[in-house]
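Please find one structure pasted underneath; my questions will follow.
Note that the chains take the letters A, B, C, D, E and F in the order they are written out, and that residue 1 is the start of every chain.
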Amino acid sequence: MENEDGYLPFVHQMSQISGIAAITIASEYLSTSREGKGVLFGAVTGITPAELIIIGAGTAAEFAARVALGLGIMVKVFDSSVDELCHLEERLGRKVYTSVFYPRVLKKALLSADVVIGAMPFNATPRFRVTEDLVKTMKEGSVIIDLNISQGGCFETSRLTNLNQPVFREYGVIHYCVPNIPSLVARTASISMSNILIPKLLSIGDAGGVDHYIKVSGGFRKGVYLFHGILTNRDIGHHFNLPSKDIDLLLAAF
Amino acid sequence: MENEDGYLPFVHQMSQISGIAAITIASEYLSTSREGKGVLFGAVTGITPAELIIIGAGTAAEFAARVALGLGIMVKVFDSSVDELCHLEERLGRKVYTSVFYPRVLKKALLSADVVIGAMPFNATPRFRVTEDLVKTMKEGSVIIDLNISQGGCFETSRLTNLNQPVFREYGVIHYCVPNIPSLVARTASISMSNILIPKLLSIGDAGGVDHYIKVSGGFRKGVYLFHGILTNRDIGHHFNLPSKDIDLLLAAF
Amino acid sequence: MENEDGYLPFVHQMSQISGIAAITIASEYLSTSREGKGVLFGAVTGITPAELIIIGAGTAAEFAARVALGLGIMVKVFDSSVDELCHLEERLGRKVYTSVFYPRVLKKALLSADVVIGAMPFNATPRFRVTEDLVKTMKEGSVIIDLNISQGGCFETSRLTNLNQPVFREYGVIHYCVPNIPSLVARTASISMSNILIPKLLSIGDAGGVDHYIKVSGGFRKGVYLFHGILTNRDIGHHFNLPSKDIDLLLAAF
Amino acid sequence: MENEDGYLPFVHQMSQISGIAAITIASEYLSTSREGKGVLFGAVTGITPAELIIIGAGTAAEFAARVALGLGIMVKVFDSSVDELCHLEERLGRKVYTSVFYPRVLKKALLSADVVIGAMPFNATPRFRVTEDLVKTMKEGSVIIDLNISQGGCFETSRLTNLNQPVFREYGVIHYCVPNIPSLVARTASISMSNILIPKLLSIGDAGGVDHYIKVSGGFRKGVYLFHGILTNRDIGHHFNLPSKDIDLLLAAF
Amino acid sequence: MENEDGYLPFVHQMSQISGIAAITIASEYLSTSREGKGVLFGAVTGITPAELIIIGAGTAAEFAARVALGLGIMVKVFDSSVDELCHLEERLGRKVYTSVFYPRVLKKALLSADVVIGAMPFNATPRFRVTEDLVKTMKEGSVIIDLNISQGGCFETSRLTNLNQPVFREYGVIHYCVPNIPSLVARTASISMSNILIPKLLSIGDAGGVDHYIKVSGGFRKGVYLFHGILTNRDIGHHFNLPSKDIDLLLAAF
Amino acid sequence: MENEDGYLPFVHQMSQISGIAAITIASEYLSTSREGKGVLFGAVTGITPAELIIIGAGTAAEFAARVALGLGIMVKVFDSSVDELCHLEERLGRKVYTSVFYPRVLKKALLSADVVIGAMPFNATPRFRVTEDLVKTMKEGSVIIDLNISQGGCFETSRLTNLNQPVFREYGVIHYCVPNIPSLVARTASISMSNILIPKLLSIGDAGGVDHYIKVSGGFRKGVYLFHGILTNRDIGHHFNLPSKDIDLLLAAF
């Protein structure tokens, strides 16, 4: 589902939640409460602060960075686009360590990182991936949180996990690759979703019903998976090997 | 152990760690990963932010408050002294919601709190305690973190727990009452301690040995538990029913 | 009058002024200097800070919020759109308490509010209104400032007032419903207007006169009320029962 | 009344209130609602911001400055002591325009000031006063708020006013010289006072009564005006031509 | 070269560098190390801070302003457009002194300025210029940095200089009019350029070669000076008196 | 000269100036304008920011750090005392990278530093020095500014320079070791000094002359070098091989 200006409200809200949650999950797995190496994910005066690398400069990155900066953590953000990095800094309201993907710079940063969060925006292309060779160089007991796991993962070493068995270790690095992090805070996530749905439903009512609204709102139309019992999402059709129809053609005939 | 100016360096560093850790522990127990109620301890645009009450205005309170403000949480700090609240705001560099212990104000705040942290300074007297009746009014699934548990607790419902079984529920409220929170981040805590000990040891070396240093440094003398095999800490002697001697008398005779 | 990108410069400037002025007007009516209840609209350490609710997330809301945050006031912003609330936080450069219009949340907030400012953006639709029932629940002596009074008001209890008799009491709540707040600071407002007009006039000069400029600038055309003696604003025509003509038709004939 | 460390809690709290209130009072008298010159005491983009001079760098100055900075006002603070100015900047958490009392610098600043607040700390000596000649140079319609009026005033042109007739004009400058500004926000002021008194009364109870507490607490003793019916404050005795006794002597005899 | 949305990435990066460098260059020429008048370009408590005027509200202005505010300098930004000034404040995340070009206001500001930076955005029209008469009123030893020198200069008294002989004095004012300031920090500037070029080159590769990319990317096409040996930039052709062809026509024929 | 509370006002003001100036001097020597390596001492989005190490956590360190943070530079502060580092963070109003002098941590930091400023407080003991071996590991073209040169230097490789020949290269590292940096901004420095002297002189006048004031003010007495023609500063006497007398003895006899 898209707003008129190409903005994806659900993705935006869920990215906020995932970004914030990523920091507290990382804290957990760095502490000994989850058999981590016993490091505080924060800054105590007189001790080198913990280091966080964020891959990507979208909404999840923004919210993770804001919390981490509040914790006094040293944050380094990498993205392929200088523009995106500029916009991130504007939204954060301060300068942070940013860099495009220079192999040498990223490699050096990974050597001393305590946590790396994969947070490429939902629809980024081409998708950057941290190679297996780079993961090998990371410190024993460091933590990877892959928020891109449902789009194929941001690390070559990532593989899907779930909330019952959320992590695995690979090359000594703890990998957290749960795709549905917002379900950890299900109450908050569901309020967040209805914040977007309810005004939308009211608009549908004002517009004279859902069929009509699908016609007039191109953004809403993109979020339709089923229309009068007919599958309209090609990706899902492909995945389950089901026939699907183009919604624009259906609407024209309607 | 005290500095010349009555400042307690170990307590100060451990309070920093406990204050930061309290926030991430609370996040864990509000999420469903620890069977909590599934609430994000942070702020997502458009949703009433989570609420945190901090009892006390010392170092642990300061560090917990700073992280919570970074998360966008609504923070309310209660203390018996207006002066302490002023100093807290100066150290945080911004105004926060502060209040002295008005029963009516505290009661109203507890009704909507998601997390309450007991963080009275180490040597505060008389120690304030949240009554059992007030704890009863708190929301189902809300979280209490009692950082004062080793000094008797900041809540009437608190009882000592440990890292293996860190929480219990009482009146539907999750109580986290582990006394040695810094051991969750043992590496950070041990570096933090040696940051204080090493310069001290160097000073002892410069001063011509530990016996001499105990004589000249009144603050250090307060931290001595055993002197030439003789117990010098009255509280420990009392606790284990062992004879103890006053270190000043011992030194005079030495 | 509109800029090329739909931006309304006059409205924007006047909203800045109204937003700032709303806070100092509210201070006046909370203090006893205007027979208010004698409450400081600000934060003194150790006392529950005053609470402000802002309805709407546009420019006036932004400027009122910024000043209120500087005063240490607890600010809660309600709007129907999560997107607008996000943009507000970006412009403020910090997280604030934001919420969409959940009846339960708004009701609870109104119960403890000291001041409520109606600040829906100029062209918001559908316009949200605080019901009479909700106003009844507000505290004795609390203050409503309705910046939307010239567009019909943001509260069901609002009725137009003027600078000579700016307030009335309804259900114990002081209502300030003066439509032309910027005229309180007439010097500032007039400088602000000429800041926008003068560059516009220079452009008109460069463009070869006002008739030509009206043709080429669609945004400017929207601000034309009279064209060669003929009324071109339908709303004014309707209001005064005068005939009006469409400016586009006039220009075509010109 | 003093704390053990020479800190004056009542003065401190009342100074916070006066500092905040001074800004909103100034706003009122710059606007036309009190027949002022119609200037916004704040900053609208594109217009030279209003200018505020604060004389003194104590608590009232700090709170006035913080609110004014939040309004976007250009703030200039003058004090005789560089140390006090440093401490002010530390408490504000940012650099501001500060200057010692260079006649040339102060004169230039007064020429363009919209508001001048006299806010010398309670016990500053020697007290600085702005001369009549300097007041003459100020702009027509500018506003003086003299928070030092009860200690003799910070401006040669000041004379005591009251809440019924709070201002007078001298050389075209509006003078607001009400000594008891906190009574404008009487509710807030009384809560603020009991915040200090109640813990004190509890301490008195713990200490075994007020007579005993007066003996042991030197700071509290300084706040005693009457002891067992005998006047103990020399200044009041002098003022009303009444005999007074030294409290220390009384206590010794008690 | 333009992005799809009219954004000029090279100009943007070079403006960041020039804006930052302008502040340190100004510091140099105010100090005696370059025979300046011996004034600190920064703020020491108790001394009137140095004053900086920035002409223009684009990227260079933003970066110069941010550094100057960090130094505690009093910053005044002038631009012809209120909108641009608003956007600048949003990007800086705080209110600053802003004004449109009122002759009286600018004149007064120039009288007390220590440094004036000409930083009109690259493509601003009509370009504002500070007149010779205004430059004459500036203080002896004050410094002008003209970042617009390659587009004709922002001051009537500017004339092109170079890195070997970077300044001249006119009416006692030091003029720094070097067009290629980024070459002072050549390493940083070249990394900055490749940050933009490398992703572009990768896109060109993906798009099937440069000829094809020139066809599909209108923004990139604007940056082409030579196409298959034929000059395509009219301005350069005009300057060197060489024939040039329109690239769109060439491509159509290709 | 000391204030009553051991505070050194001259040292404090000169340290502010030196701290600010150190950053702009470093910028100069990193750029090619002084034959440096052509690196911007600041942060451009998308490029690894420049790195600054500050040795010491006093006033000069504070002011250098504040400016550097404003430039977006990555700042790392080392000191022997955790307490001093805490106070620094309080004065800066934010968390920064701080560390005690762990050899391994300092060594790693020096490897990537662009600038190192020696800024141990005036009277720090024992004075920490960066060894020659560590300086050897620094990057070609990096810059050392030794603000401690007049107390023996903070680097083993430092040797006194002057304003005519301010730098030398050792192991490829540019060393700036001018003891009297404030004289670069002589006007500012002299105003700063008179800010302290003038109130002092007024106090001396009020106290009935300088002889009397020397008697009553212990802090002022410490700043006396000559008393009635007799040298009273032992260090100077030692240096020039002149007899000196203790001022307390002289005063007793006076």
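As a convention for this text, a contact is a pair of C-beta atoms (placed from the backbone, for glycine too) under 8 Å apart; a residue touches a chain by one contact, two chains touch by 3 or more.
Bear in mind the structure is a predicted one, so any value in this text is a computation, not a measurement.
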Most distant chain from chain B by Cα centroid: E
Centre-to-centre distance between chain F and chain A (centres being mean Cα positions), rounded to whole Å: 46
Distance from chain D to chain C - Cα centre to Cα centre, in angstrom: 34
Approximate Å spacing (C-alpha centroids) for the pair chain C, chain F: 52
Multi-chain contact residues (two or more partners), chain A: 13, 45-47, 66, 82, 86, 90, 93, 95, 100, 195
Chains that touch, pairwise: A-B, A-C, A-E, A-F, B-C, B-D, B-F, C-D, C-E, D-E, D-F, E-F
Complex contact set, residues of chain A against chain C: 3, 7, 9, 12-13, 66, 90-91, 93, 195-196, 198-199, 206
Sites on chain F touched by chain B in the complex: 80-83, 86, 90, 93-95, 100, 126
Contacting residues of chain C [partner chain B, same complex]: 43, 45-49, 72, 74, 82, 85-86, 89, 95, 97-100, 105
Residues of chain A defined as touching chain B within the complex: 13, 16-17, 20-21, 24-25, 27-28, 30-33, 37-42, 44-47, 66-67, 69-71, 163, 166, 183-189, 191-192, 195
